[in-house]
């Protein structure tokens, strides 16, 4: 039982750590890493809480949802990485230009 | 009973190789010696663990799969070590000399 | 037994903290390369945690896609970024810019994160310790689904519509990547005899493993996405060892393979609609064969799409027009 | 079987048609223009068919795979989703006609599959009654929208699209987190089931916070609007039109739907906060629009302001629910048509002059009368002048505020209207100035002009069919009991 909540709390930690990095890190590659880690946090909570069943067989629906989520995440990452290359190509650095405030 | 003890001994031995390999990885001075440490853990440590586990395996098929995993790791580990070492040489990382 | 339970708790705690530590390294390590390697280790540790949580299907998907292919994508992007940023470390923060205002800008989000984290913690801990979710619904309908692995049943039958859209998301990502089209040439490396031999040995094995995962997915952990990811890994290995697609196949045949998964899904969905009157309602007697066909074609498409995402640049046929 | 025409599964066609269309455009790029147009006309017909079905027989349910909630995914169409689907089809038609001559050949083959997948995502989103399915459609929509926004290929476009991508991914993740909490609290992903089982507790509050934050970010409510103006202004004109007209509304639709069905059971003051932020968005967005020197940025900031009006419905709905929500829906419809027309018209001006600097819009009125007419008609609706859809929606909003003596909101709406008039006349006034042409004008094909006028005309026509459309909104009474007072 404790395992469930332990991993769910780790998931929260990952989500918040990722969100923090997304805000403070300037490098775009790190922002994408941060999004991926936030996603992993949410997936971890989803699957950890699915083990609260009495019988010991975890709820399979969240597992399927996470597999869907993993595929969506890799799709988004692939797109984001190509866009980083494009941004870097034209501005010379893998960051957002400074003059615009976010 | 006996197989369980033998299996336990093999597993512990495998774990010791892993520990040694990890310490080596952390403590050795350059990339080549670190690779040396790593392959010991991969090959021998995993080998012992695979033998230990296959003693407890429920079927020959399961044991066979375990051995297949070991073979794959051997193959991949050796090739990757080679590639890392080659890349290091190309980059001009010098061999460590005392 | 109690000692064993305690050991398991210790193991879980170590895994949990290890995961957080690797996440920290991936996000805040000064060396970007080290960050990416930490992220890949993060994915592998995540896979172990999925096993601990009795989610072997997710573990396979995570190891193959989350750690493996995502990691490969990051490394490839990192390699392509190198010539662009002159110093190698384009991210290094200019020390003079670290004024007190910048410090404040870091503390404020940190405090907000702590606030969010504590709120979410309270929300999660307030959940009842026991809940069945949809377990009983899935179990009682499992026989009608055509497969005995509940996760595959959810993915391809109960919530198959989600999976159709998900395959389209993957294809869309490739279309987007091709449309943007990086002008940075993909990594050219001389493979060398070892990599060459390795790929010759491994690619057939990977294809076999992929087929095995696909077949076994009906009743045990595995399925189209895991199998597709392994196939994609074989593709990545081929690309790295300098293999190129025969130019004649780069046009329509390649596009057909890429879309085959989605097309099969749509065709089967329409056929079921004609037969049973409802979109994607598989007749129980034919469900398992339909799911197998779907998964086989989807595996091929997913594998090729993932490999194509790794290459990044569109085939010459697209570039010309 | 005896399937009559009305029983044809129009809803499924709305998903499968653009999906197969997108796949075919990818497979046979040389004919993507024709395939795309045929698909969009098919979508238009399906939306009409579905509308006929729903108006005739009432709320439409569909159990995908025959499983039904909570195990399977359900589709659900009431008056609210029907109108969203119809306006999507209409805007899609206009934008597609426009795009035939807008893109060069090499861009046609990139545009069509991405655009048809975006249309798939929009239709699937408006049809869905399942919150995880909504997440998947949100991601499909977001990635397609970002990819389309990069089609101009300029440096600014990539930077803006990158910001857009990060914002949309973050929004989706927050939404997914909320979905996770809802599922684990109440054991279902179906909106109707959740609505029954919902009870107010701390987890439900956290889910509400995460879902609202994610969707508000995607809807670009002030102060989370930072990504919108650059992304919408730097995209190709037809893409800007779709982004402002439909994509932003899609996330608002989910927020509205979940608020009505689920979260209204929470006793919250968030509606006041939404109203407050909406008010700031109206004033600030309009002022920013007034300051811009480029048409497309001006139109993009106008979207920020108009999104603000949508959020005014939340505080107003507490007492006069149906009127306020109907006003919001009316605003979604009229803004979708007017704003897409405006972006398309802006695209024509840009094509004609080679730039979109407002100060240099020399004597456009004589050269592009249809485009300027489209811009003016769309402007009438944006300003909220009669007769137009914009007028009906703002009138209803004003009514709801007056009934409750919400003088602050009344004031905001009036100021917003005046500012809107100011920024629209800033463009129109320039268009009529007499100045010699300093350069060779670009050729604007007639289809591009008429497409803009078609959509602008739609926005005006909405003003004449208020009672019919308000009757459609009432199908399935998404806003509860009550009636609209005109």
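Of note:
As written, the chains take the letters A, B, C and D, and residue 1 is the first residue of each chain.
Operating definition for what follows: a contact is a pair of C-beta atoms (placed from the backbone, for glycine too) under 8 Å apart; a residue touches a chain by one contact, two chains touch by 3 or more.
Everything quoted here is computed from the prediction, not taken from an experiment.
The chain pair with more C-beta contacts between its two chains, of A-C and B-C, is A-C. Our note on geometry: chain A versus chain C, Cα centroid distance of 12 Å, whole angstroms. Between the Cα centres of chain B and chain C there is a gap of 27 Å. Remark: chain C and chain D have CA centroids separated by 31 Å (rounded to whole angstrom).
One inter-chain figure worth recording: chain B and chain D are separated by 57 Å, centre to centre, where each centre is the mean of the chain's CA atoms.
Multi-chain contact residues of chain D, defined as those touching 2 or more other chains: 132, 136, 139, 143, 146-147, 150, 183-184. Multi-chain contact residues of chain C (touching two or more other chains): 120, 124, 127, 131-134, 138, 158-159, 162, 166, 169, 172-173, 176, 180. Across the assembly, chains come into contact as A-C, A-D, B-C, C-D. By the touch rule above, chain D contacts chain C in their complex via residues 1, 9, 12, 16, 19-20, 22-23, 26-27, 29, 62-67, 70-73, 105-106, 109-110, 113-114, 117, 120-121, 124, 132-133, 136-137, 139-140, 143-144, 146-147, 150-151, 181, 183-185, 187-188, 201-203, 205-207, 209. Within the complex formed with chain A, the residues of chain C that make contact are 8-9, 12-13, 16, 19-20, 23-24, 26-28, 32, 35-36, 39, 42-43, 46, 49-50, 52-55, 57-58, 61-62, 65-66, 69-70, 73-74, 76-78, 80-81, 84-85, 90-91, 93, 105-106, 109-110, 113-114, 116-117, 120-121, 124-125, 127-135, 138-139, 150-151, 153-155, 158-159, 162-163, 166, 169-170, 172-174, 176-177, 180, 182-184, 223, 225, 302, 306, 309, 312. By the touch criterion given at the top, residues 1-10, 12-21, 23-27, 29-30, 32-34, 36-37, 40, 43-45, 47-64, 66-68, 70-79, 81-86, 88-89, 92-95 of chain A touch chain C in their complex. By the touch criterion given at the top, residues 132, 136, 139, 143, 146-147, 150, 155, 158-159, 161-163, 165-166, 169-170, 173, 176-177, 180, 183-184, 189, 226, 230 of chain D touch chain A in their complex. Interface residues of chain A facing chain D in the complex, by the touch rule stated above, are 15, 19, 22, 28, 31, 35, 38-39, 42, 45-46, 49-50, 52, 61-62, 65, 68-69, 72, 75-76, 79-80, 83-84, 86-87, 90-91, 96-97, 100-102.
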